[in-house]
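Following are the structures in question.
Both of the next two complexes hold chain A, though its partner changes from chain B to chain C.
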Partner chain A sequence: MAINIEGLSFHYGAGKNAKQILDDINLTVEAGQITAIVGQTGSGKSTLVQHLNALLLPSGGQVVVGDQVVTSKTKEKALGPVRAQVGMVFQFPENQLFASTVLEDVMYGPKNFGKNDEEAEALAKEALIQVGMKEEFWQHSPFDLSGGQMRRVALAGVLAMDPQAMVFDEPAAGLDPKGQEELLDLLQELKAAQKTVVLISHQMDQVLALADQVVVMQDGRVAAIEAPDQLFLRDRQWFLDHALDLPEPVAFAKDLEDHGYHFDHLPKSVTDLAEQIKCQVDWDRVTMPNSLTGGDRDE
Partner chain B sequence: MNNLVIGQFIPGKAWLYRVDPRTKILVTVVYVFLLIFANTWPAYALATLFLALTLVLTGQSLELYWRGIKPVMWLIIFTVCLQLFFTGGTPVLFHWQFLKITLPGLINALYVVLRFVLIVLMSTALTLTTPPTAIASAIESLLKPLKAIKVPVAELALMLSIALRFVPLLMLETDKVMKAQKSRGMSLSTGSLIKRSKAVLPLLIPLFIGALQRALDLANAMEVRGFESADNRTRYRVLSFSKQDLVAALGTGLFVLLFIGLLWIN
Partner chain C sequence: MTNAITINNLTYGYPDQDPLFHDFDLEVQEGQWLSIVGHNGSGKSTLAKLILGLLEANSGTISIFGQQLTIETLAEARAQVGMVFQNPDNQFVGATVADDVAFGLENRQVPSEEMPKMIEAVLQQVGMADFADREPHTLSGGQKQRVALASVLALKPKVIILDEATAMLDPAGKSAVLQTLKDLKNQYQDQLTLIVITHDMAEAALADRVVVINDGQLAFDQRPQDLFVQGQALKELGLDQPFESQLSQALPKAPNQYLTKQELAAWLSTLKD
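And then the complex of A and B:
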């Protein structure tokens, strides 16, 4: 399910005290793809994604979610279907847990969106398995779990709604490396299941590895919409101007390019980078330390 | 939520910002107390004049105060209606079925509006020019005499300033949890009354848990930094009376004398 944002503007307050947050945003979140939204703090990323499931209504322009149009005049009652189709995972989602058991908490979303108890329970169980929560925890109180487990339960709470699209606001914040990896796997699973994924991230390595499309925000406007291998071809100054980091492999490749190396395509990962460097090294000029060549140590 | 002017502090450099918070609190208390006795037009005129002077000394725009009054408008209108329609006496100005408006009722209603607006604006001027922490330490300083009868003034003041600090945090947190639960289909505006009050639980429980967690964190943070007792602590900002306070005290003294004089003549 694609989401179209057409001429969206948003401001707090009214009259001359109004504070413009978003200004004339036009973009399409393609169905079945992963769209990453990047930009420095205060550039309007979070405000933008809150329009995707109608938590905020546009001050001007419109957001088209599937076949539903959301404008400034849309009534509260009409927003339910939009929210059922677009799941939203906030930063530190474990703060939304409330029920007395894990299973009940995960069932909350589906029940709100009109599923009966049995259907909701089936969906909840499926979601809990998907995030790797073992059955032994299902009847525990969510508040007895560890931080990482709470995060999984919260994620399951949104997955169980079985939305067509899912929005993640810095989902990896505060996770250990293993947790981050699992999360990235989950995002790819969602994509494989034809879901539309929107992701706010500060970690450019993730963006490069995952995203099909990158939206760069600056001062409430869209500064660029490009595929990551296009975007990261831009020169360093552009990234400085937009207060963005480069992915580590790309930054390394650019450093080498300054010293005469040439890369056919952007290295997508450290392994990719290493492969491309290997082809270019003049091995005759390289003297390897003994420890690497397996040379004689007794010498 | 952030549009509320009453109780909000707006940084500034005008004269009233330099007055000691204790002076400002005392003046506000005296002013509100005197207003209770105001029952003549000259008295109200004097009080209005004093307020106008105070507002000018805050250096903020009048529009801001207008925004401050707006949220309490309905409360004012409600009280006015009570006064207007349910005060007896003669002469009767207007009569329709069981509703009647009398001259004393009309005058009373106008008094009430004036008193209300004056009190609200005066307290707004206080909180607008005084940071919450300054108010807390001023209250501590003013309550010091109660220490003689074993009231834990320092602890109370500490609790007050912590509570004040937590208000904006809790508001932010409410907004976050509300959005998270709305995304999961929470609706507070549909269904029967029982259903609606049940719907608040998913909002309240995370809020309470978050607040308790924060309180524990704060207690730990205070302990590791060696906090033992709120008594006899030194301060970063020491309160001190200065020339402005003398001027403010003299001005208020003059106002009090004139006001009492007016009441006495009556």
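And then the complex of A and C:
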């Protein structure tokens, strides 16, 4: 399910005091792809994604979710189906856990959208398995779990509603490396299951590894929409101007380019970067100065 | 040198669970910048709560500057230890930034005529003096954490513990907080002991010493540069090696020691001459 944003503007307040947050946004969140939304704090990312499931209504323009059009005039009653189709995982979703057991917490969403207990339980169990929560935890209180486990339960709560699209706001923030990796795997699984995924992230290494399309926001406007391989070819100054980091392998490669190295393609990982460096150096001629040698590497 | 914190034979477990810490020992010297790293659920934050007396050990002792933590000494011990938590929104009480800093001072019964000067001074230290009259909710995450740090500094603690204080911040906010920590350490030198709990290796790299906690055990206790070269071991502990160490190990040859990104790039550039 694609989401089309057409001439979207959004402001708080009215008249002289109106504060413009989004200005003339046009973009398509492609069906079955991972779209990353990046930009500095205050650039409008969070406001933008809240339009994807009609948590906010446009001040101007429209948002087309599947076949449903949302404008400033759309009635509250018509928004239910939009919200059922687009699941939203906020930052630190574990803060929204509330039920007395893990299973009940995950069942809440599907029940809220009209499933009976039996259906909701089946959906909840499936979602818990998908996020890797073992059955032994299902009857535990969510508040007895570790931070990483709570995050998974919260994710399961959204998955259990089986939305066509899912929006994640910094889903890996605060997780340890293993937790981050699992989460990125989950996003890829969702894509493989033909879900539409939208991801807000400050971590450009993740964006490069995962995204099909990157939307760069600045001052409430779209500054660029490109595939990551294209975007990160831009020069360093552009990223400074937009307060964005570069993925680490890319930043390092750009440094080396100032010293005579050349990269055929954007290095996507440490391994990729190392391979491209390897073939540019005559390693037989490389000797280690005494001050830098210290014996066997695997000591 | 005096120990800021001494932990002996600590045993602690959450109710109805296996003990998380069993006979755990750790000494933190006064003036040290210590990083505690470990995967989610390794016991890092629990340890911080035990040091602050927010949790009570099942057995063993924790001493702050030589004084053992008990119900009687708790207030005195806490006066020496300040803490900044992960979520900047959970630690504000004041209507303005200045009010928020004042709250802690009021609790300490600092005379109100002395407060404005003290508040101004600590906000200056964290680079937030221009925001004194702002409402905390209008600040960015990084600014909020710097205000939280100012509120802690106002109480003149000898030890500051930061529990994943940059985990929720964007890159700009994070680097502003880390720069503030460096500035504070420069200013106070040995008068300030910093304990930074994190799983960000770039953050851990700033410390003099890194301890890795795994299932309540001390898995490593080293200088950051000595830890970072141990890729396999870190991986087994659910942690990442910093980018520069990963790259250096993926090359056919590289200096057999930890190099920062700049150092590694400089070394590689000599190979092209």
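One rule holds in what follows: the second predicted complex is superposed on the first by the 286 of 299 C-alpha atoms of A that agree within 3 Å, B and C clash if a C-alpha of one lies under 4 Å from a C-alpha of the other, contacts with A are read in each partner's own complex, and residues count from 1 in each chain.
The working rule: a residue touches a chain if its C-beta (ideal position, glycine included) is under 8 Å from a C-beta of that chain, and two chains touch if they have at least 3 such contacts.
Note that the structure is a prediction, hence the values are computed from the model and not measured.
Looking at the combined model built on chain A, do chain B and chain C fit side by side or clash?
Pair status: clash.
A:Lys134 contacts which: chain B (first), chain C (second), both, neither?
A:Lys134 sits against neither chain B nor chain C.
See if chain A has more residues touched by chain B or by chain C, and give me that chain.
Partner with more touched residues of chain A: C.
In the superposed arrangement, which partner chain does A:Gly42 touch: chain B (first), chain C (second), both, or neither?
It touches chain C, and chain B stays clear.
After lining up the shared chain so the two structures overlap, which partner does A:Leu273 touch, if you call chain B first and chain C second: first, second, both or neither?
second
Touching A:Gln96, do we find chain B (first), chain C (second), both, or neither?
After superposition on chain A, A:Gln96 lies in contact with chain B alone.
Taking the two structures together, which residues of chain A meet both chain B and chain C?
none
Spell out the part of chain B that touches chain A in their complex, as residue ranges.
3, 173, 176-177, 179-187, 189-190, 201-202, 205-206, 209-210
Please give the residue numbers of chain A that touch chain C in the complex, ascending.
Contacts found on chain A: 40-42, 91-92, 144, 146-149, 173-179, 202, 243, 245, 248-249, 252, 255-256, 259-261, 270-271, 273-274, 277-278, 280-281, 283, 286, 288, 292-297.
Could you list, by residue number, the parts of chain A that touch chain B in their complex?
13, 50, 53, 55, 76-77, 80, 83-84, 87-88, 90, 93, 95-99, 108-109, 111-113, 143, 157-158, 161
Quick one: which bits of chain C touch chain A in the complex? Just the residue numbers, please.
14, 38-41, 86-87, 140-141, 164, 167-168, 170-173, 199, 238-240, 243, 246-247, 249-253, 255-257, 261, 265, 267-269, 271-272
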